[in-house]
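We just call them A, B, C, D and E in the order they show up, numbering each chain from 1.
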């Protein structure tokens, strides 16, 4: 069996007194879609930020693409082939859709050694990518500030599909998307994975996870509470892993958090 | 509203500051004796030079989401260094560097280098140390001006080398070379801001620094460059000031900061960052100096000129603000 | 009669000497037939340069310049004169180019007069020229205060006096007050305080008062002769005010205005300007009229010729024949 | 039949050239839960902002609680009894959970006529509300800045439940919430409605809409495309109304948007 | 790290500016002759009065998310009005209002009213018209100072009525009444900011104006009040300044703005708004004037004092910034 594309071992992360991650081990293979599930505050976004280079782990190590890596900022991770869609979006509201789509990857042409932005070309490419994905946007030249929540999320989603990479991290990418966009988004994820890209997708909707993922990893209170192939589990079981019991139980036991025995399942 | 009318309207609003400039010039020409003559317009262009060049750098830093209060003092320091080295009387050392043709680029390079150093220091504290640009550059405003006083001992340098002075004396089409230099700067930097990746990144960083950081754009580098640019342009402005003054004094350029900020804001640059275009800033500078010149010609009681100037500039900024409202209302 | 307009370029209106000079120049020039328009440069060299450039286009009969910086206006003066507009210098001497007339008391000379008076005061109090002097400058970037300092210190050189010097940034009064308050603690045996402007003396006195001093405990000398300084002398806090003969300096320019405007020669010699003996010499920088400053003490403080008493001469100025 | 609690007629709203709402008529009765569905950019958030006083309609009128009302700012709407949870959250990140919970409704005690904040009391109330709702938050005194996306949303949600009102507007309130929080949230909505409060809830998840709503209103391209009792329709039909046809059709027809015939159903 | 140690550590970081103040005082006392004496500390307290009172208002506006560059000029105007009315020589009119006991409150009320008017005008342009506070108050900085020149004719007023002067002369426990007034102001406003709804709302508005608007808090009213407060406190500072100088001159107070901003930042107020506590600001003011006094006693060459002051203040701000880093690292 070949080495996984991404391999995390014993990742921990503290924010002051808060232990957001208490030792995460997980793998992602090329072409595999992993759904990362977990309750609010479980540490999912923290994990994503650590993989994408935006946050340093307190301890633990990351192997990516056959090498041990310590990304110090997102541009390194990006250069290594990791694309990320963040939960709190990363758009510049003061510029238009095209400028956001190409952010950091502008098409230029050198004139006397000076790179000149090719606005027409960029507009064409953006228009194609957006309409291929079925997103409706009033005009590619409106500032993103004037778009609805879902339209904004769609731009980010289309961006990763267009530019690709080796590993894609999606932090609740469908939270604001409409029914149709979501369906298309799920299909895009499968298409991307079929190209051999590894995908981690975070969601709170079981239906989405079970529709798209090859494997489900559940995080609870900063630990891996379950790591199961999708085919071998059910949504109800996943929910149980997420909440650490039945639905009605949870909530009042904040004080006992640390004492809940954490289920650990290896695949 | 039809799309065509909307487009004309948008165009007019986008260029409101030019409209304001023309209106103001027409009104002044009609009401103030002696205002309407070529010499006055040439004076306005010349007087706009220093603050104009300074305002380009300031606008870039502001578009990048920060601000630079030290440009005025930086210009003064560059002017003083130029005066100290290349002026022959007062505290001037009267350096001479062979043929006139090398004097101009060498002295300019030195002045710009002074600005680059100050910009680099500002950038260091803001980007590497993470201090607020306001307080860092406010401190620079103080200590750089202090440095001017310190290196000059409060005295002035005069009689700049005539090889350099030529820039301040020669005219093309009746307009001083100085003014052409500032126009050239505006053209070049307008192009850079609108058409190159650097300009695009400055705008993006000013809009959402986190987003650019996550997109792999080297936001710190862009920011630092914008501070260095602001310093360099302030240095250039100082060099031009030294040429105009034919030397330098310890208090040279005081008060320019207000004019530069007013021009930038009137020109449509948002102090919140991310929004603004340089041609508008040039119109803003011209507008400010049209007002200054009008005040010189209006024979106002001397005690009231400062109040009136402050209020007129406020009025100009006000109009620019009302533009936004108008747009919201009418579009 | 109306002989045209004269522009007066005043460097700042933040100090009483300049403010009063506006009134004096406007009224004296009116006496000799000129209308005066005043432009305030607010202590900014570049603003004054712009004002000169704009004024040249208005073709006035003459320009009276009190330069923000003594020499930085040289190019502007040259431009004006090249355009056929005569330029007169008021109070601030410019030696690096030729002007049509210069009327000064001399800033370095103010320092000299102050030094003489201070030597006298120290001798009266201690029997010898010795002790400690706190010198409070104005803004260290202003050549005006630096010249006074230069004149003062060159005269005090060689005496047995320790001079402690501090700048009051931007000529701001409360800065001077703080300096005095702090220095009184660090050097309790200060004999005399010399401040470079009367409005700084006011803050100095406030600090002395707050420190429990009585008038005369620490002697106080100031320069420029502003009304507030004269009041302090009357109250006994201040011993000497070195005055600049503002009225005479302004009157001298008005007296010679016709000659300057018409390009006539100004003859060297001694003239009577408002009762003061004034000397015209021809220097490298053109005709120069020098009017001596005076030391104001409790004895002569009410003399109406001091501008600080704000009684402009009642007789109209008449041009020199 | 009594008058509806809220009644909108012919509400339109333009943003410059963009017609976000083209004439919306809808009613909400006291005690009724209405799910407002629609694709991204359909105009849902715009409508919510108009009802809550944050945005003026270009034309149209609003009757609320038996009176014609023209709210000029949110405080008026709030005073009239309209509570809103916005899509882009409305929290002050620079203060703690308690201060956010009580924002604008602080408990004070007058001492010599000066109102003094009662911190202890407010902390107690907040703690109770949050733990009743089963939300886990590290400390009530941490700044909201340090909370996860879902934790933030939970604070807003708990706030409206605690303070109540006559009409509650919820713009995608569960978008970032975990499985358990969502279940509790849905239950809270029914509880609140049972108290006689009218509720408008926006969501993209059909399951949620069908679980909680009495009636479903679908908005498409700024018009009401359907207004049906939940019991009389199915999720598939709702999706059809939202997308204006089958899933695969939409997306490429951006240019033809205005020509799509809009279904109008009155109840 | 144990919770207890973490708490001590947090406490120390939260009060770092007081720690810095003590350290600096100890260092200066050990190294500068004459520094360690009661009189010097009383002087520091007294000299901190004016900028201290001004800084309270400035801090409130900054916490509310804006800023006010006009406080210095406003103080000067209030001082000039006080001088004009109640001083007896120079341009003073020497008004006398019966018994001494009414002179103090009346003159103070007038000075504060002057500040209120300026604050009201600033607030109007920022809140009603929607202009940027930076540019509005920068313009006020200019035109209000211009107004000082205009109403005084550039002349000064002197010999303030002794009934008022008493505030500047009398001492309690050896500390001037002036200093007690500023301490009282700090106590009162610290309380208002920490414990009343108004203070809470100022903080909330500074954190997220939209959120407060949606929460039904009258954000515009809060903001406007904060500008008016800043004006009023600047007016009070001006009154105190007039008392200290026993009158007023046209350039009174120039340069105080820099000190006020530095104090606010050193005191831990974020220029981004929403963060900051007033007691820290007082420590910041004291720190700044400890440095000023040290410079006065160190007998530095006059030309270098400004550079040194600028750099020392920068260093103090720097330490405050490093605090944030330290917290992130260690907690």
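Please note the rule applied: a contact is a pair of C-beta atoms (placed from the backbone, for glycine too) under 8 Å apart; a residue touches a chain by one contact, two chains touch by 3 or more.
Protein names from UniProt, one per chain: A, D = Sugar ABC transporter ATP-binding protein; B, E = ABC transporter permease.
Please read these numbers as outputs of a predicted model, since none were measured by experiment.
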Count how many hops through touching chains it takes, at the least, to reach chain C starting from chain B. 1
Would you mind naming the chains that touch chain B and likewise touch chain D? A, E
Between C-E and A-B, which chain pair shares more contacting C-beta pairs? C-E
Quick one: point me to the chain whose Cα centre is farthest from that of chain B. D
Which integer distance in Å separates the CA centroid of chain B from that of chain E? 31
Approximate Å spacing (C-alpha centroids) for the pair chain D, chain E: 44
Per the centroid of Cα atoms for each chain, what is the distance between chain A and chain E, given in Å? 49
Chain A to chain C: how many Å between their CA centres? 74
Could you pull out the residues of chain C that touch at least 2 other chains? 13, 140
Chain A: which residues touch two or more other chains? 17
Where in chain E do residues touch two or more of the other chains? 149, 153-154, 303, 305-306
Residue ranges of chain D in contact with chain E within the complex: 52, 54, 73-75, 78-79, 84, 86, 89-95, 99, 103-104, 106, 108, 114-117
So, in the complex, the side of chain B touching chain C is made of residues 34, 37, 39-40, 43, 46-47, 50, 89-90, 145, 148-149, 152-156, 158-159, 168, 241, 244-256, 292-293, 296-297, 299, 302-303, 305-306
Can you list the chain B residues touching chain E in their complex? 125, 129-132, 134-136, 138-147, 149-150, 153-154, 258, 261-262, 265, 270-272, 303-311, 313-314, 317-318, 321-322, 324-325
Which residues, counting only chain A, touch chain D once they are in their complex? 15, 17-18, 38-42, 45, 87-88, 131, 133-138, 146-151, 153-154, 172, 174-184, 204-207, 239, 242-243, 247, 250-252, 254, 257
For chain C, which residues count as touching chain E in their complex? 12-16, 18-20, 137, 140, 164-167, 169-175, 177-179, 181-183, 185-187, 199, 202-203, 205-206, 209-210, 226-228, 231, 235
